[in-house]
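See the structures that follow.
Heads up, the next two complexes both have subunit A, just with different partners, subunit B and then subunit C.
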Partner chain A sequence: MENERLTFTDRMIKGKWIGKLLLIAIALLAIWGIGNKAVHNPQLFIQQIINGLQLGFVYALIALGYTMVYGIVRLINFAHGDVFMVGAMVSYFAVGSFHLHQWPAAVFPGLPMFVSLLIGTLSVILLSMATCALLAVTIERIAYKPLRNAPRISALITAIGVSFFLEYFGALPFVFTPNFITYKRPYDIITWYLKDGFHRLEAGKAPPQGSILISNNLLIIILVTVILLLSLTYIVQKTKVGKAMRASAYDKPTSRLMGINVDGIISITFAIGAALAGAAGVLYATAYPQVFFWMGIIPGLKAFIAAVLGGIGSIPGAFVGALIMGQAEVLAAGYISTPMRDAIAFSILILVLLIRPTGIFGEPEREKA
Partner chain B sequence: MKIQRGTLLFWFVFLGFIVLVQVLVGAGILSNFWATLLKIGAVMSIVSLGLNLIYGFNGQFSLGQWGFYAIGAYTAADITYRWTQLHNASGLVVILLVVLLVGIAFFLVAKVVARLRGLDALSAFTLYLIGLLIAALIAVYAGKSLIAPITNILNSLPPAIAIQIVFFLAVLLGGCIAAEISYIFGLPVLTLGSDYFGIATLGFTIIVKVLLDNSDTLLGFTEMKGARGMVGIPKLTSWIWVAFFLVVVIIVTRNLLHSSHGRAMVSVREDEIAAKAMGINVAQQKTITFVLGSFFAGLAGALYAHVNGFLHPNTFNFIKSFDPMIIIVFGGLGSVSGTVVAAFTWALVLEGLLRIVLPQGFETWRFVVYPLLLLIMMLLRPQGLFGTFEFPYLRQILPPPFQPRETAHPVHTTEDTLETGA
Partner chain C sequence: MSKKFLLITTLIIVASLVLGACAPKPTEAPATEAPAATEAPAMTEAPAATEAPAATEATAGTLKIAILAPLSGSVPTFGVSTRDGALLAIKEWNAKGGVLGMQVEAVVEDSQCEADPAVNAANKVIDQDGVKYIVGEVCSKASIPVSEIAEQKHVVQISPTSTNAQLTLNTDGSTKQYVFRACFIDPFQGTVGAKFALDNLKAKKAFILFDQGNDYVRGLAEAFEKAFTDGGGQVVGKETYTSQDTDFSAILAKVAEAQPDIVYLPDYYNIVNLVTAQAKEKGITAPFMGGDGWDSADLDKKAADGGYYTNHYSPDDTRPIVQDWVKNYQAAYGSVPDALATLGYDATNLLLAAIQAAGVNDPEKVKDALAAIKWDGVSGTITFDQFHNPIKSAVILQVKDGKIVYVTTVAP
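After this line comes the complex of A and B, so read on.
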């Protein structure tokens, strides 16, 4: 009976229709803008999606570190992007100066080329991961641990300080130098094009009109990300450490009562997150071969946004958010306006937060001790 | 009327400081470099005082302060640029009209929204946005016919006075534009939880920076020159102007904090639910604080634009947006005196002292030393330099607490019966 007396305005208010109309208008505008051009040139559209996938997978690896650390200590770890930079730098020096990727070929000359390169590349990634994990644990012990009971803002300012320190210490001439460095990949790029079947692109030749390009880089990025993601899921869901991690994220004092070494678990979380960032650094540098001392800021920020978009604290959320972010960035750059792509990415974030205040997969906020 | 000793002391010290700097600069003892640094310090004090209102006193973790600072800077710079370089008051007239009409539009929309009870934030935002767009369009078209007469009026004044009037209005309008934008942006965003609010406002800062990067192509303000940086802004910010605005901002902040509004503000920071239970309109309190803080940011930006006469979008990079946050944490959250002292210290030490102290060839170490200082500071004194200490004039003197003459039944306070949570 109550419903029938509702006037038109009441329905508008109850259904939040005015706001919804605004969102629908924005969505239609975006779909019209992108769809129009996508229909005209479907190959380019698919190519953009593939590029976005490559970017999204790298963002996913960085975003996981943000989301795990936030989930357990409620700290926006601004230094994470710089840990990512250190990972890329370490791999650059390992490949460029020490030829680490060639060790299997040097030690076992009989191995086939492909296998030795694969092992070499994997060892470069592992070295970066280990270095970053060590760095993150050091940072955590020196800078964050003494502030565990201080106001959260102090820890945040400390994180910003650590971030500045890593950047500008890296910019010193005898560390990483303040220059742009061209990255040397441990393997050669092989590109395939998709037009009337699957062909390998000969070096130095232009691909035919209207073909879709896929490089081995993309495959490596997807492969490494999926492996790392699966092992992370295994660690978090199946092992004792993962269980302790989830418990500490949920309630620290009670976990301590249950005999969990919360400080140790926090260090492990930092280490795992940083290891993923280190791997992401290597992959990012192979995909966009230029490394410099503040390369971590923008990807770090984007990955952080991705983590928030997916619901910070949630691991599948970070992955989904990163994929959305990659697509949004590439499509915005390709179809709407290249210089505006960062603004568009952030507009999406703000809109999503307005609809779902804790992100796509986020649980409702609750006060924590 | 009895003037308290603290008040006298405050005015004596503050005016003394202003006059001393002015005399030293005039006598040539203080070089231009240090004079500029002092101006930057005052500008940073204003912007940080705004942020301290929002975060330190109201508990809203905002990283958007730098975006409003940028808006104020570019608005004011555009007005004075048009006056000195293009010799007309087009910027002044149009922006004045925009501020007035948008203000009226917001007022009218607020009346409508108040009638539609239970309207959600996003819908209200849409209505405000429509009002804003209509008002801005009307202002731009109506402003065209008013440009010539107002230019003539200003031209009839002596040029030295006219330019100061334009500058003063430009600074105020810079603040007003920032305040109006913060009002409409704050409507939906202030409903978010603390960290999410911070991230959304960080997004705002980045969006503003990207728009400024493309101000000549996308927005159509060719004089702003986009990513090449805006040049030709008159250097009008004198030490007297900047000190005047700083004093006004300090007094406004102080009086606000000592009023019932200020106490409501602080109660929202302490516990939102309890504040609501005490009959405080939490949403309104948050909006007022956010708008006022952004107004200060706009003022500061407008003053900054006329210090060096050059603006570049990179100045408004999101990394720099942590500077006011660092300053207020460094000075002590919720301390006006701490913020002012920290802002001056920050400007003088980071730009001045570190450049002088570091030996030749070690200039690049400046930003290695700075985070280390920050880290040591945070580890040794996480509550900031001043904590919540205030200088006498700024310190709130509360009336003595009400003491009932006799208590028939001893009243248990909540602390006695309830275990306080960690």
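After this line comes the complex of A and C, so read on.
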């Protein structure tokens, strides 16, 4: 038996090299094709890279939740995309119905517009994050915890069930309604163009040919994502909770013996992941201003792929994977073919996984004793 | 062990599938066939024999018109509007002394926007009530089965609103002799849109965005492209997307690069909201244009500001016939008529005018009169092409300062 398996793996490795060469050739061809067009119009290429960044940063926030939860309980939490949807919806109602973003202006009328809007927007994001964290902890307690020792497939099916529940509960007329809702941003969009300096684009005017556009939306997305990412890294690397998380991810029974409340740590992990998804929901809705009850499915799926691409379980991996996904999608749409954008994005996943089966930052699974 | 287990489970699954597939068959088959066998004679022969004399008697004093509309089911508001429009037309004809000296009597049936109830209603009005003219149905999926009956029983049918091309066409591509429609079919809007862009907006370069997976959107986009290039314009770019896309930044960067005079986006309001909102951020100042898919209360009027779309009718149209219609409808029902009420009204008027023109109460003659008619309707001056689709004008509306305003009426 042992012999047979060895030769089989051998053959796989030999066969794989031909496949790998072929895939690398295809990738080089695509890069050459894009590069060729990019050189002809570098301004459009930079614009597309910026567009891809905006998408990638949002994917990163969602992907982190997938990767953290997987790292600690080995569960692919398919309800994560719907938690993202809830985050977007909460912010919609906070802004549209309760005008939460205007509280700083009401309480401190002396504040400059910019500061009060920034604080208002951040409080909307914080509210979404808190709601999502609470929701995720509840889901974890009700749906996942009882299945902690059940076969992994049961937990996976439960996650899919929770996903459907959130979607169709959200679609009820007295919850979020099944309609496409136009999202109301807490702030107005301001666009700047980069050509012979940095100018503000006036509403209703076209920028001069050959300029690069940057919007305040993009800056907010990057700012919020970077802040959250740095705080997350700090929590995981420097705090006691983070240490406990890493320990639980590595070996739960031993962690328990060392006095770590593993159940509590798992809840915290779910809460942090969901809070990031909630923030992502708000940012996504401000960038693509429409919310509806299954808006979480596709971004959730793509972020999941980003997490796998980066190496599921790895936090920097999720970030890098998400940025690659964002670029792949936008460059595919911009230079190859729009209807093929998802097909191309998914092909990249297959390509990377063929070369590195555990993802870019993933470590080969260690067998536990 | 495991192999045996697998074998047993497979056997159980296969057995349950076979049994499961067989079991319902004997019970289901009679359920569907038996009523057909028992009801068919009852519906087609018996009443025809008894009611036929009654029907001919009726021609002396009254002319019966059936109105098939979905008054219940998924789209009851469509049905109510259509019925109200049709009834108002009949009332006006009666007030003027009727058609060929006969008073017109409406037979209203609820056809639920579904094939079965619509077929039952059509059989009922033809066989029991002796009706020879049908206005309806609203939905294509109900109108098409009714059209088969109309064709078979030589009853003239005019659907106010069904846009599916198959309504007036046989499977071999020939035109159904007795079936007409009062609304234009989808691609026609693309043609009118292109004409408006060329003549009124003086656009020379157009960019087309469309969802490849949606027949309605693709039909409009193709018609627009053809009409725009035939009219001397240039299509500087064409991009497709899927209905699940939310990030249009890559496509819009290309649109901005191409600097078109107009961007044609004939999709539904939800996509229009997303695209136009992102286009504003990308500094695209060219106006967007679309079709009646934009016509929704949920259209984001701030994002789509400055955009144009084609539609069947506008209550703000200044033509006297439109203003009279709006006034009369408001007097009768207390609200501004929508497109469905207008098309219901036009369809009924077309039919009654054709009967008047034919001079006899005979569907054979009436169908020929209808095919040759030229009628000034609320939704434009209507004539029919060889496929019994109306050739008429469309209105152009603009989204402006949070309101929908009437711009002009464009004849093809």
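Simple rule for what comes next: the second predicted complex is superposed on the first by the 348 of 369 C-alpha atoms of A that agree within 3 Å, B and C clash if a C-alpha of one lies under 4 Å from a C-alpha of the other, contacts with A are read in each partner's own complex, and residues count from 1 in each chain.
Note that in this section a residue touches a chain if its C-beta (ideal position, glycine included) is under 8 Å from a C-beta of that chain, and two chains touch if they have at least 3 such contacts.
In this text, all values refer to a predicted model and were calculated from it rather than measured experimentally.
In the superposition on chain A, A:Ala88 makes contact with neither subunit B nor subunit C. Of the two partner chains, subunit B is the only one that A:Leu353 touches; subunit C does not reach it. Residue contacts after overlaying the shared chain place A:Pro339 against subunit B and subunit C alike. Once chain A of one complex is fitted onto chain A of the other, the partner contacts of A:Leu135 are absent, as it touches neither subunit B nor subunit C. In the superposition on chain A, contact of A:Phe180 is made with subunit C only, not with subunit B. When the shared chain is aligned, subunit B comes close enough to touch A:Phe164, but subunit C does not. Common to the subunit B-facing and subunit C-facing surfaces of subunit A are residues 339, 342.
Subunit A contributes residues 9, 12-14, 16-23, 74, 76, 143, 146-147, 150-151, 153-154, 157-158, 160-165, 167-169, 171-173, 178, 253, 297, 301, 304-305, 308, 312, 337, 339-340, 342-343, 346-347, 349-350, 353-355, 357-358, 365, 369 to its touches with subunit B in the complex.
Put simply, subunit B touches subunit A in their complex at residues 55, 61, 116-123, 125-127, 129, 188-189, 191-193, 195-196, 198-200, 203-204, 206-207, 210-211, 213-214, 217-218, 318-319, 322, 325-326, 329-330, 333, 364-368, 370-372, 374-375, 378-379, 382-383, 421-422. By the touch rule above, subunit A contacts subunit C in their complex via residues 41, 44, 47-48, 51-52, 54-55, 179-180, 182, 189, 191, 193, 201, 203-207, 209, 213, 215, 217, 284, 287-290, 292, 295, 298-299, 329-331, 333-334, 338-339, 341-342.
Residue ranges on subunit C touching subunit A, taken from their complex, read 212, 239-242, 244-247, 249-251, 253-254, 256-257, 259, 269-270, 273-274, 277-278, 280-285, 298, 300, 303.
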